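In the two complexes that follow, subunit A is the common piece, with subunit B as its partner first and subunit C second.
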Partner chain A sequence: MMNPNINEKDKRRIRDIVQDFARKHSLWVLAYGTGCGAIEIPPTMTSRYDAERFGIRGSATPRQADVLLITGYLATKTLKRVIRTYEQMQAPKYVIGFGSCTINGGMYWDSYNTINALDRYLPVDVYINGCMPRPESVIQGFIKLQSLIAEGKADGADKYQENLEWYRENQKKIIHNWKMPDYNW
Partner chain B sequence: MLDKDCNENKCAEQIKKTFQTAEVEVKREKRVTVQLRSDLIPPFLSFAKEFMEFKHLSHMSCVDWVEDNELELVFILWNYEQQVQIIAKTRIERVNAQFVSVKKFWNQAETYEREFHEMYGVNFVGNDRLGEFILEDWEGVPPMLRDFDSIKYSKETFYQRPGREDAQNVRATIAKHSGEEVPGFAKDYTIRNIED
Partner chain C sequence: MDINWIKILGLIVTVVMAFFTGALYGGLARVVTARIQNRFGPPALQNLFDIIKLYSKKTSINHGWMQHLGPVWAITASTTTLLFIPILRDSTFFTNLSFDGDLIFLMYIMVFGSLGMALGAGQTGNPNSAIGVSRGLSQLVGYKVPFILSLVALMIQFQTTNLNDLLAVQDSFIHWNIFQSPFAFLAGILAFLGMMGYKPFDIVFAPAEIASGPPSEFGSKYLGMMLTSRSIFTFAKLVLFVNIFFGGADNIFILLIKTFLLYMIPLLIGIVNPRFRTEQAVRFFWGFPTAFGIIAVILAAW
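Up next is the complex of A and B:
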């Protein structure tokens, strides 16, 4: 029954499975819109598409949130705030990149102050493509995230912690005036 | 056609009488354009506000005429009683651009001036809030000047995800597939990209 190739650290215990089952049904999304994509969030949350039936709800502060939704383009100025916000969130935490702009820059790929690939700066668990993605695809993306959580594969936060140097190097390449507190993990 | 003694023509006459070097033109109903020397702009704005009842500064903008090595400043004023808009334009030097702040006539000009300072590098004498405005930690050429190469900057600064190399001009590709005749004038901006 036991697979000897799986090492002790990666083994999933029954406790993990129960925990992940609970987590996937209670995703609190930080109400923080960065780009134009935030306009698709109100219809997703309200009665027409009713994301709450999947356990997706808004939360007020980063420390209460599980999911950071990057809705569209990120200016370098906003990126600084987003990194601070992400680092304040408590694990388990997940990032969803929303819209073409987070994937390859979208229509702002040649702009002087928007980043082109979000996963160089933050660990993205799920990308939702589209410009803009409709509420159906937003919910689809959340369901994908839920299945990743249930399988224990949504480990972006761990990757961020392990490869913090690489992420920091990329972040500091853009944000020249780095005056940020170091959050403890 | 406008009447001879309509508000627009009256305004134009009044400006011509006071500022003899101004090039005044009645563009259409409710719209008068005025081209002025840069040192005449503050007296002109003061005159328009105090004596011609142009109480409202609707907008200010800046245009980069890199071919002429000049920047153009545009002031748009509105008169509520006569329902006339004046567009006052002036040209200034592009290198070390400098102009007088018009903050003393309208307070909202301050915000526009801060923007021009950041995006075009124009120094407004008399405005003491010309600091960092929208951009953060920006160094180098102001980004709205036309000799700032945005694509080059983006390629140097931000990671470019591969996959855009085969991006096709949609209009030209469809025309090619369907054998559509694209008129000559439209070719300039549709087919050109695919043939390059």
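Up next is the complex of A and C:
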């Protein structure tokens, strides 16, 4: 007989806790090496800093990935590819903005060719500050993301879906020849 | 027809045990790899976390019904393979479905998982999948030759096609088939390297080269099913080889030790080796392993 004190809502929460625990300890990263900051990813992943300790692992394709890591400035041309990649990922999915360039444009803030604030185009869950951030701070950023997941607050994918029109409007200001499949969530 | 409930319970326990052991071995393999690379490595249960996470993801990919069926097919094939292998010797609970002729049956059923994956991956239309599938089938043709030669040698030598009979002839340490027919063992173990798919034979998945190959278009639950199937299949292959060459096991504890030690062979070879190209891999299998297999057959038929 089931414990009558556990009502429908709490049961769901138990399932969520198990799921969030697994999600938190298994982050497959699609590192989109757009900017110079990408050079800090290899030391983060390999023997010196060993991100695999936290269950962080590189993934081969967007379909398998959980985290989209935008490492640095985004040229207006790459933005389209990044959006396409993000939309191919399977929910729940997270975005980490890496380096000052994703926050406010960094040292490319007045360039004709890069976007300034990443979160106008994609729902960013965690920003990692620095130009470029060291592997310690990258791992710190991942741990922040893990704690957000454990609390159930890393809901960027839901926000993206809810505010899709706002995001599309911003994206289309940058990308003029918009020929992409519909977002099918 | 009366239903043998003990046997059915045994089957279910076998599958569950195979899944958890396979996943745990996969995690331990990652820890061992990490230690050799002077890293700390993930927790040993990492593969289980990964699989739970994959099952908890959403998905909305649709390329056609074969894409949905492929992973199911793979999981069915690996479970079937497992169920026809006696897990322990002389056990009523764990003999499972093994019957006279199961060795021949296993030769066939073991390729079914790869075929299911190939069909599923083929429908996704991803070029990386197509390359991975063609590589996988080439490699399959490569290692099947020494594997089947070694099985045939054993069948001729002991005049049986039943795994339980093979277990019965290995009644003491010096009667293990690794000593009774060393050439069949050499052919078998070299084919086993290819079967396990660790380097240098990981040409099928090759994440840095063809973006993980066949499953490159599969995410979330589909990938979870593939990993589940892989865990079960890994355990099935390990038990099969322990049964054929290392005298089987009398209890679960010995089984775990033997399978784990056997698992370390392809892993440790893999860690220190780079990846073969496809034709190098096939040439390797059709070289010494096949020669050993032919010698074993000739010696057995003598």
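Note that in this section the second predicted complex is superposed on the first by the 171 of 185 C-alpha atoms of A that agree within 3 Å, B and C clash if a C-alpha of one lies under 4 Å from a C-alpha of the other, contacts with A are read in each partner's own complex, and residues count from 1 in each chain.
To be clear about the criterion, contacts are C-beta pairs under 8 Å (C-beta built on N, C-alpha and C of every residue); 3 or more make two chains touch, one makes a residue touch a chain.
This structure is a prediction, so every number in the text was calculated from the model and none was measured.
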### Partner, of subunit C and subunit B, that touches more residues belonging to subunit A
C
### Task
Would you sort A:60 into first (subunit B), second (subunit C), both or neither based on which partner it touches?
second
### Query
Now for A:131: first (subunit B), second (subunit C), both, or neither, which partner does it touch?
neither
### Query
Given the touch rule stated above, what does A:164 touch, subunit B (first), subunit C (second), both, or neither?
neither
### Query
After lining up the shared chain so the two structures overlap, which partner does A:39 touch, if you call subunit B first and subunit C second: first, second, both or neither?
neither
#### Entry: Which superposed partner A:91 touches (first subunit B, second subunit C, both, neither)
second
### Message
Contact-wise, after the overlay, does A:76 reach subunit B, subunit C, both or neither (first, second, both, neither)?
### Response
first
### Query
Of the two partner chains, subunit B (first) and subunit C (second), which one does A:50 touch, if any: first, second, both, or neither?
second
### Message
By the touch definition at the top of the document, which applies to A:18: first (subunit B), second (subunit C), both, or neither?
### Response
second
### Query
Which residues, counting only subunit B, touch subunit A once they are in their complex?
135-137, 139, 143, 148, 150-151, 153-154, 157-161, 163-164
### subunit A - residues contacting subunit B, complex
76-77, 80, 103-105, 109-117, 120, 170, 173-177
### Task
Within their complex, state which residues of subunit C touch subunit A.
30, 34, 37-43, 46, 49-50, 52-53, 56-61, 128, 207-208, 211-212, 215-220, 223
### Query
Which positions of subunit A touch subunit C when the two form their complex?
18-19, 21-23, 25-26, 28, 46-47, 50, 52-53, 55, 57-58, 60-61, 63-66, 89-92, 184-185
